[in-house]
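Below: one structure in structure tokens.
To keep things simple, chains are lettered A, B, C and D as they appear, and every chain counts its residues starting from 1.
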Amino acid sequence: MIIAERKPMEEIKELVAPYKKVLVAGCGTCVTVCWAGGEKEVAILASQLRLARSAKGNGIVAIEATVERQCEREMVAEIKDKVAEADAVLSLACGSGVQTMAEMFEDKPVFPGVNTVFIGMPQGEGLWIEMCGGCGDCFLDRTGGVCPIVRCAKGLLNGPCGGTKRGGKCEIDPDKDCGWVLIYRRLEKQGRLDLMRNYYAPKNYRAVKRPGKIQAGKA
Amino acid sequence: MENKSVLVFGSGVSGVASALELANAGISVYLVEKEAVVGGHSASFCCKATDVCSRCSACVVLDKIKEAVAHPRIRVLTYSTIARLTGELGNFQVGIVKQPHHVDEQRCIACGVCTEVCPVNPKAIHPPSAEATPFSYVLDEGLCLRSKGEKCDVCRANCPTQAIEFALKPKEQELNVGAIIVATGFDVFDARMKGSLGYGRYSNVLTGLDLEQVFTREGRLRLGADGKEPRNIAFVQCVGSRDEGHGYCSQVCCKYAMKLAGLIKYQSPDTRVTIFYIDLQTAGKGFAQFYEKYKQSIRFVRGVPVEVLQTLPGELEVKFEDVSEGKVCRDTFDLVVLSVGISPGRNSWDLARILGINLTDEGFFDVRDSIGSNETNVDGVFVAGTCQGPKDIPGSISHGIAAASKAMQVLGQSASQRRGKQGSH
Amino acid sequence: MAKPFRETLKTKRFVVTAEVGPVKGSSVSKAIEHIELLKDKVDALNVTDNQSSVMRYPSLGVCLLIKEHGGEPILQVTCRDRNRLAIQADLLFACSRGVNNILCLTGDSIDVGDHKEAKQVFDLDSVQLIHLVHTMKSGKDMAGNELDGGIDFCIGTTGTPSADPLEPQLIKVEKKLKAGVDFIQTQAVYELDDLKRFVEFIRKRDRKVKILGGIVPVIGAKMAAYMNENVPGISIPQRIIDELSQAPKGTGIAKGIEIAARMIRQMKEEKVCDGVHIMFIGREEKVPEILGAAGLL
Amino acid sequence: MDRRIGVFLCNCGGAIKNIDFDIAAGKAAALPGVASVDLSSNLCLEEGREKMLSRIKEEHIEGVVVAACSPEFQEHIFRGVLKEAGLNEHLLAMANIREQCSWAHEGDVTEKAVELMEMAVRRARSLQPIEKKELPVNKEVLVVGGGFSAINVALQLSRIGLRTTLLQEEALLGIGAEESERFCCFDTDSMISAAEIDENIEILTSAQMTAVEGKVGDFRVVIRKGVEEIIRKYGAIVLAIGCQTRLASDFGPELRTGGGAIAGPNIVSQEQFCSMLVNPNLEKEPRTICLMFDFSDENSRFAAVATLNNALAAKKKWGSEIYVFYKNAKVDGQGMERLYREARNCGVVFVKTDASPRIAVENGRVGIEARDTFLGEDISLACDVLVAEELYLPGEGTGTLNLLLNVRRDSRGFLQDENVHLYPVGSERKGILFVGGCRGDSGIGSVLADISSVVMSVHELLSAGRIPVDVEKVRADPQKCVACLTCIRVCPHGAIHLTRTDNSKEVAGISDLACYACGICAAICPAKAIRFQGHRDEEIVTQLEAVGKALNGCHVAFCCERSAYPAADLAGRLRLHYPENLRIIRVPCAGQVDVFHILKAFEKGAAAVLVMGCEEGACHHITGNTRAKERVKYCDMLLKEIRVDGRRVAMFNLSPNAPHKFVGAVNEMIKTAKEPGR
């Protein structure tokens, strides 16, 4: 799932500063699940904008709408009337949602209200961790299903750096697990530590040629 | 028709707990209370939370009372006592005497008109305490002009709901019930009996219960007309517990004293608090953390004071033997709180006679089988709460529920047995 | 001229290297001062590569200065700032200018440095880097193209005896050994037992590789606590922090030096390892004091 | 929808003098949707209610507003009137114009009363009916444990006709029962055999629970017995796994051999001492015995009970010289002081000492040194047997069980959170109950009461075979639910599970049986998919629309109905005054207050918003108040980042009997908050 987090308020305020009517557009899929851009966040942000602007004597009409998937043209089309009403759109969807919106309403300024941060998994209530970097060359078969590319702070392929501390925490953040310790423990549990002893040659970092594009095989 | 209703005598927290459980289980309950209000002692206890709940359970009592009085299967009879008992398990006839009182709690809407129009001062008719349930006005006969032979009728005439009545006699009624739960609670030990501790002589010697009420009334430890806050306080444990006349620990005093002390320290951290004790009772769920938190900021002295004397106005000298130091010491305080214990109810003896149940040497109701059970020597008569022995609020609630459980079980059995008997005839 | 480090490693002597941290700026006089001070007192000077992810004068630049002043440089190469193209190019250059020793490192994370928003590269990791050096030695680049003139380095790498947990770290060290290294210098060691365990592990797998114990003197209890929190790969035991905090005010440096010297002496006397590597960045001028106290002058 | 609203105003016998009821009635009549306004002076009395009933019928009223005293007291009565009139009882909104208006302020408060009525009218217009229904429940009970409390619960449940399964990990029933036998004179053997022949009791030994799904009335339990896996269904689960004892850590390793056993015959555990006491073939009776308690754990009653009983028994049996070392005599249990006195009278010597005694084994005897607090002297003696201090700890399986069942433990690791509202035997999940030593060592008297409490609770839940519920009072709209699992993770009562809709989409399913209607889930749902009838966004926002219209600036307090709301009522009764421009919105739990509701209040002109819930650690929904606190903190951050200076949001914790705290909090907030521009 795609994880995002709301942009700093200062930035958002500046983005919409010139506009009187702004559509705050949420997305009902990934960003709802990660508490960044679902209907609740739309309501909160819209409310905040109204409060901020009325305090400045520069009222704003914040229209609220949430579509099921903002990266689908057909679904975005459902709110086209609300878009038409607005001077600008503040999208709380991931980057692809924002771009879908922008592409469909070319004459409207569409701004991102969130930063799309990673592909991740919930680790508890309100807590998500990065799981996948979309590198196009999956390595998980060799690491017991723990991705060293994103779960190691340095993306190392041949084992941990020297910074592992406090029973397996990363050198950059005592709250984060060292990815390679996770890999070690998983492989140890499975009796497959040999995989970790193998040498892995430098990775193909160009497995996805930017801009990425794939065509599914015809059914 | 089987008689499935149960009479619960005493509406303190254990009685209320019994009544609620029975009612929730589909059994009709008469909740009989000799006083004007439901709830007993614990209904007037203050909240002792500091930055966190100190688990005194005072709020639980209010919850239960609220639920009970609103329960469709519970009939509350205030000002009432048991006068007679005949019959047997499954079919008791209980004679209830309702003492005359002048404000009908069913009709009083607490509008306050009566107090407004009452010509005497202080007013002879006044609101009950704020947390009272039912919230019905109270006429103080001693102050009322009618007690002086005058024919005042102002409040009755002005009452918008005709709730006031003067010419009242005790009313007697007979209730037919299947079982009886006695939950008459305790009396607070009368601290005047320990004359040397100065209670009743000095205005700044209070009991723990007095202190509870100060907090309930004021929200803070404010004393006297000027609302002064004491700065140096002593708590004296085991007043009316674990002594010659009381061969038991009251179980609640160490905890309420420490919790009140904690509350005082929380509200005014500079106030000094000393607790004089014999043995600290710190066992019990949820208390360990509290004790850990306050054991540094409260001064604990092993040894119970023998004498409290006023040296200067407002200043009390406490003479005690500090056991750990092995010497007699004196210290001065501006407030001494006596942690009075739980004594058997004054009326227990009479009630025991009426119901035919036994008392222990200490004067609590005796039970069969084992420590802490509910069954008395009379089938179908159960005891709940502190009338059986000292208990804290959760303990009283649990004991009350247990009594309900036992009553329900025997009612079910006696009904099926009777059915069985009828079948064999 | 200094003895080539590779030759030094072949002797049975207790090897001593010291770290030289490049300056922030283009003025190299201070670096030259340090080089002059140390070049004859130690077997090689080890030059950090944007150490702690703080941008500085390049490692390669200082290595050339060392060469110019008659010292023996060890070029540190991290994987953090350069992709495989840049690293290969640098190696060619270093080799052509007579820098013959290389220390292959992963590199600290960007997050600990002074350019926290920079893109960190890590196109290669340290094991791959060692393999790369061997590949280029054979006359080919990574893509398999022929080189007009290959490279030859005495190769070193690092290991962390105090990593917690240690096992994954040891697996990595094993991979480095397999890739082929001439020496291993450890991260700062404060517990001799940690080092012994580490050396024993290596010796079981490689009898020839030289092991240099890492020495980072700590000069105060506060600094120790700070390092424990913030410096990757370092964990200073409470025992040493206590010792430091008991030192009278103003004697912190002396105490730190004393502790470091004691450690070195122990390593040497108990033959725990083949030498030491002293990292006293920012206080390079104090290194001779340590050497003196440790009896290495 | 235009619902005909009937407004019933009551002047409480004419005693509410600071409201002009004619003006109030007139303004109420002009409110949209209001079909009739009636003024009464005794609405809560029978005659008042009868009049209300006939007016509802006459005027074809579809929603009712009562503006009178606090809903805390009379709401259920008025709901009854609606029911009698054939209306859904939930279509009632109350305006508390007595306790929280007339009595709380001085001077004329007509304007405020009108505003409170408008809030209520708006709410009444948007309320939706809630149906009642009875849901069937499984009547069988699973009792986990095979000791004294477990067997007793099973026997008592059998007596009221409920079938139980006794599930025990040990191979034999009654292990752990000796524990109680040791302190009291229960006949455990007959108890066990009674259980064995009871046809309502199924006994599964050497078995353990490995998975639990479902909710009260319908738990699905996976039991493993050997290699066999049994799947069973139960209506309720009772945990009675007891506690375990360990020697205090003071008994250092030099005195212990492997596995915690004691070196030599000199130092024994209470259990070993017990078997010495009952051993008819004991080689040599110990002449001097020392026992100790209350050093390593000062929170244990069981330790005191065991020590005193055993000391007394040994004195009586062998006449030995007996010394008991202790810090504080834990006598706050039934019969404990008597036991303590009896032991003393029999000649057991009690040595009170503040520090743990020093112990050394020499020449086959145990030496003990301690400072006697009373004598002020160091004493030193040697004994034949030392009974080591024991600690009472959570039973072995506690950690697994609490995870398996999704219930909390207390700060010492025993089952059951320390929240007083769960006492005596409840958990935060309906249908899961705790009894006996697994709750903590409370003493045998209370264990007995707790056993009966459990039986009563189970009876109330299951005996009827069905439980009345409010149908879908809280419901996740399957169309809007994105199955993010947030609600499932936050529900303090374990009432929400993933379920499949008819078209097989996975969504959150809220069990009407297990739900306590606290609203914590509704407040956090990122998709706004959870609708909590009576507290939906619409119902709250519409009330906020009316706030502060008549007055110059206002403040909103979201008050938990379990604490702050009754505290506000009490403040009214005590005539403790606070500013008139406070508007109270009654919520079921502080955890129901949504960030969005708070922001909305500010949008509608509030300068201060107070969220008021129970004291920390005393939330009826366990985490509601701490969540509220977090949310308020978040909200404060949201306000700060848009720099609307002066407006303030804060969380307050108080109990229902803390009116002074309520007034203090309100005054403090209102003093410091100001709306910009006013």
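One rule holds in what follows: a contact is a pair of C-beta atoms (placed from the backbone, for glycine too) under 8 Å apart; a residue touches a chain by one contact, two chains touch by 3 or more.
Predicted, not measured: the structure shown is a model, and the values here were computed from it.
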Q) If you average the CA atoms of subunit C and of subunit D, how many Å lie between those two points? A) 60
(Q) Taking the mean of the CA coordinates per chain, how far is subunit B from subunit D in Å? (A) 23
Q: Provide the C-alpha centroid distance between subunit B and subunit C, rounded to the nearest whole angstrom.
A: 77
Q. Which word fits how the chains touch one another: line, ring, star, complete or other?
A. line
Q.
Run through the chains and report each pair that touches.
A. A-C, A-D, B-D
**Q.** Residue ranges of subunit A in contact with subunit C within the complex
**A.** 153-168, 171-173, 178, 180-181, 183-184, 188, 193, 196-197, 199-202, 205
Q: Would you tell me which residues of subunit A are touching subunit D in their complex?
A: 8-10, 13, 28-29, 32-35, 38-41, 43-44, 47-52, 54-55, 122, 124-126
(Q) Under the stated contact criterion, what part of subunit C meets subunit A in this complex? (A) 79-80, 84, 106-109, 111-112, 120, 122-128, 131, 142, 158-160, 163-165, 167-169, 171-172, 174-175, 178-179, 187, 232-233, 235
(Q) Give the list of subunit D residues in touch with subunit A in this complex. (A) 480, 482, 484-486, 489-490, 525-528, 594-596, 599-600, 602-603, 638-639, 641-644, 676-677
Q | Residue numbers on subunit D that touch subunit B, as the complex places them | A | 12-16, 41-42, 44-45, 69, 72-73, 76, 156, 159-161, 184-186, 298-301, 304, 328-338, 341, 352, 354, 373-376, 410-412, 414, 416, 418-421, 423-425, 439-446, 448-453, 455-457, 459-460, 463-464, 562-563, 566, 570, 573-574, 614-618, 653-661, 664
